[in-house]
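Shared between the two complexes below is subunit A, which pairs with subunit B and subunit C, respectively.
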Partner chain A sequence: MPIWLDDFLWTYQNVVYALGVNGLLGLSMYVVLSVGQLSLGQAAFMGLGAYSSALLTLKLHLPFAIVLPASTIAPVLFALAIGTPTLRLSGVYLAIATIGLGEVLRAAYLNIDYVGGALGISGIPERAGVVSIYSLLILALLGFWLIGRSAIGRAMEAIREDEVAAATMGVNVARYRLGALLTSAVLAGLAGALSAHVSSFIGPNEYGFEPAVTILSYALLGGIGSPFAPVIGAWILTLLPEMLRGFADLRLVFNGVIIVLAVLYLPNGILPWTMRRRAA
Partner chain B sequence: MTLLRTEALSMHFAGLVAVDAVDLAVEAGSIHALIGPNGAGKTTMFNLISGLMLPTSGRISLDGADITALPAHAHAGMGMARSFQNIRVFASMTVLENVLTGLHSAITAGIAATLLRLPMFRRQEQDAVTRARAALNLVGLAARADDRAAALAYGDQRRLEIARAIAGHPRLLLLDEPAAGMNPAEGAALSDLIRRIRDAGTTVLLVEHDMGFVMRLADRVTVLNFGRRIADGPPANIRRDPSVITAYLGAKVAAKLNAA
Partner chain C sequence: MLAQQLTNGVLLGSTYALFALGFTLMFGVLRVVNLTYGFYFSAGAFVALFLTRNVGWPIWAALPAAAVAVGAIAVVLDWLLLARLRRINAPELSSLMVTLGAVLALYAGMTAWLGPDIRRLPAEVLGGEAMIFGPLRITNAQILVLIATGVMVTALLALMRLTPIGLALRAMAENPDAAGLMGINTGRLAALVSFICGTLAGAGGVLIGLNFNAIQPYMGEAMMLRGFVVIIIGGLGDIRGALIAGVLLGVIEVLTAGYVSSGLKEAVAFAILVVVLWTRPSGLFGRTQIRRA
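This part shows the complex of A and B:
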């Protein structure tokens, strides 16, 4: 690694990590929105990944190569439990159920001493890094790119546009929606495990309602015309607060203003370009 | 041979009986029209047949197989396709992508084959594109393949819906008011198209308000009124059927016509 790059990473390492992790979270939001569903459970899934991976590392001393894939198990199980009943219905049931999940889990983390209670878990060894974070981000982008340009991508877009017409074309709408939610839980769980293993500390309030809305705003700002859009949205909303450090407490206000402006003036996001939905 | 059959098919919405014990038999290779005044239950019949609604009672069978409780998405695999009265194209997708979506159940490549771009995936995608372009050719939209569906004029969106429905060569095609909003020239072209679809081996069941259109096109007509079947037969008989005339024009006018 050249010295200047080493210096740069050393100085901005937290921002570089956050860009990668938040990119993954943007994609985890993207896949749910791609099938026309609204979930506010991305932060909760991320918290499950973070807590379960931290416990596996600290209490069972498992190697990170096992901890990272294992961090997807708890989010997937919770996504199954919440998605199976709610995704058969159309409407905002998933959004409501996932808000509930976030709050229930926050209360659980706070009150269970085994997971550190209000103090959270500290002293998590730094096992993740630029390579693990960005290779997963690139793999996820590539996967969504390949899936998007196929019958599966067309079916997802069809569901988002008109679920009745999609079903008539032979698309099993409930199955696709559950698949999208499980995929999003996997990505958020991985993002949680990665961020826990670069930041050394996790606490119960990092995965509540507020981060859930922030993750939603990644996709709202970026758009969902292609998998690149939510990642760009995540990067803008990650870098912006760094540049607006002087505003301190007003940073959340900025996030809110950006969401409102994006919804009003950029209904298709900052990157409205729509990918092709076929391979040939 | 009867391709589609409904037996005593009923659909109740709370107190309203939308479809009341309707028997319907659609012969394979025919163009069969379902007509009736507004609110007669035609679209409800379509929604029951295509699985978007579960009937209160009765039975639906396709080529002898019971499909009464089959979920909507499983109908495509059984060889059934439909269009909608209010156009439901996928506006954000291109014309070609819309038709490719109609071939969804013909593509079996799973997630792994898709991610790895296996030869099977490539072959199926290419086959689908070939079939989709053929369907677009048939309806005369080949030149618009790469335009967004939202950019098409109303009549073209209707033709796109038909292309999307016939791309997979369904055994049974349900058309819900395909001629709505069309001028006589467009209507005549649509009649030609529906005949060509029938000649290519697809049985057609259509709901239509335009009587002239139906009488010229259909091999057989079933008439519904207030959810009940009031007549069934070839168009020439239906035209003279007193109960049909009464249903459409009211008893007074029908009596006057008889007297005249």
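This part shows the complex of A and C:
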């Protein structure tokens, strides 16, 4: 590796990690939005992945090859508990229950001494890196690209556009929705485990309301026309605050305003191009 | 001990009911889940803090002033964020997302402006000895809670049930397009509902600020969890359900904190929410219509 590249990676290591992790989070938002639902539990799922993986590494000394897949278990269980009843109702219920989940888990992490309370968990060994993060991101992108072009992608789009018509055409709406939510929980859990194992510290306040809304802003800025759009949205919103360091306090204000403007004036995001699909 | 806990629980719960009432009213009449609602709560507490601390008003004057000020803020925010979406008949989730983005910007802006520290109301505001009724000890703040929630809830129920405005509001809740065709000015009513909801949330913020004496920009976010639990237990859009569920939640929280652990009260509230969603999604009182997907 040339020295300048080595220097660059060393200096901007955290940004490089954050771009990969946030890309995964953007995708985890994308998959729920693409069946016309709104889940605000991505940050909570990520926190569950981060906490469970950190505990598995530190308390049980398991190898990362086991920890990483195991980090998806807790988010999937919570997604099942919340998703199964709410996905049968109007979309408002899932959104409300998932915002509530983030707030509850924050309070739980703060009050359970076993997971470090307000101090969080520190001293997590650095087991993940550029290779693991980006290979997962590429795999996920590839997977969504292929799914998007298949009959499954067509069914998901049909549900998003008109769920009654989709159901009439024989699409099992409830199953697709639950599948999308569980996929999103898996991705967010993996992102949480990866970020915990590159940053050595996790705390109860990292997975609350603000990151939940920020993750939504990734997908709304990019749009959900193709799986690349939310990743690019995530990258823009991760890089911008790095370049505008002086306005650090206003970063969240900016993310919030992005959402407002995107919903009111740019409902398809800044990358509205959709995937081509062969006729059935 | 139990009697005291129950009293505290009912008084805390009546504040939750007051708060959730506006939230559920907004959903019932305007059909939006307006998440800026949590910001109204924080804003109410800060306006009252400013009036009592910097201007020197007594709390009984600061409370209604804060409520009215927040009501005005709510009208402006509704007009900026939601009026357009209502006009184009946007899907429910759009309004949820817009207000979510807006509330993050508002909280973050408020934190940047006022700082993240916990602030306290001046000591003389809470003043006076607690009153003793047999085994019960009731503070002045709790008496204010009781009076304020009593007055506001009675006024709202009277407005909804006894006046032509209430009739128009109920018509709008039933079917906004038909209400418009019948000559009801739905735009103006939407502003009125926003104002009422703003005053309810603002007053809730002042009362909770008074009860726990801790005021902080993100306090509304923690409160929204209670709001969600109350409106889902009570049934989305159901006013009476929200009142009962609010009081119930207050009692459960106080009992959990008193007999189990104060760290578990959020978890208990949320567990109830999940159980209700699994078993009775239309709320414990089951009067609201559920729109199934």
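Rule of thumb we're sticking to: the second predicted complex is superposed on the first by the 276 of 280 C-alpha atoms of A that agree within 3 Å, B and C clash if a C-alpha of one lies under 4 Å from a C-alpha of the other, contacts with A are read in each partner's own complex, and residues count from 1 in each chain.
Going forward, contacts are C-beta pairs under 8 Å (C-beta built on N, C-alpha and C of every residue); 3 or more make two chains touch, one makes a residue touch a chain.
Just so you know, these numbers come straight off a predicted model, no measurement behind them.
Visitor: Go through the superposed model and pick first if A:173 touches only subunit B, second if only subunit C, both, or neither.
Guide: In the superposition, A:173 touches subunit B and subunit C alike.
Visitor: For A:77, is the partner it touches subunit B (first), subunit C (second), both, or none of the two (neither)?
Guide: Neither subunit B nor subunit C is touched by A:77.
Visitor: Based on the superposed arrangement, let me know which partner A:65 touches: subunit B (first), subunit C (second), both, or neither?
Guide: neither
Visitor: Mind working out whether A:139 is in touch with subunit B, subunit C, both or neither, as first, second, both or neither?
Guide: Touch status of A:139: no partner.
Visitor: Check the contacts made with subunit A and report whether subunit B or subunit C touches more of its residues.
Guide: Of subunit B and subunit C, more residues of subunit A lie in contact with C.
Visitor: Touching A:85, do we find subunit B (first), subunit C (second), both, or neither?
Guide: So A:85 only meets subunit C here.
Visitor: Can A:118 be said to touch subunit B (first), subunit C (second), both, or neither?
Guide: Neither partner.
Visitor: Is A:151 touching the first partner subunit B, the second partner subunit C, both, or neither of them?
Guide: After superposition on chain A, A:151 lies in contact with subunit B alone.
Visitor: Scan A:217 for contacts with subunit B and subunit C and give back first, second, both or neither.
Guide: The second partner, subunit C, only.
Visitor: Return the residues of subunit A at which the contacts from subunit B and from subunit C coincide.
Guide: Residues 173, which sit in both footprints.
Visitor: Quick check on the complex: what are the subunit C residues that touch subunit A?
Guide: 27, 33, 35, 81, 84-85, 92-94, 96-98, 100-109, 111-112, 218, 221-222, 224-225, 228-229, 232, 236, 261, 263-264, 266-267, 269-270, 273-274, 277-278, 281, 290-293
Visitor: Using the touch definition up top, name the residues of subunit A that touch subunit B in the complex.
Guide: Residues of subunit A touching subunit B: 143, 146-147, 150-152, 154-155, 157-158, 161-162, 164-173, 274, 276-280.
Visitor: Name, in rising order, each residue of subunit B that touches subunit A in their complex.
Guide: Residues in contact with subunit A: 50, 52, 71-77, 81-82, 84, 88-94, 96-97, 100-105, 107, 109, 111, 114-115, 117, 121-122, 124-126, 128-129, 164.
Visitor: Going by the contact rule at the top, pick out the subunit A residues touching subunit C in the complex.
Guide: On the subunit A side, the touching residues are 36-38, 40, 81-82, 84-93, 95-97, 99-101, 103-104, 107-108, 110-112, 163, 173-174, 177, 209-210, 213-214, 216-217, 220, 249-260, 262-264, 267.
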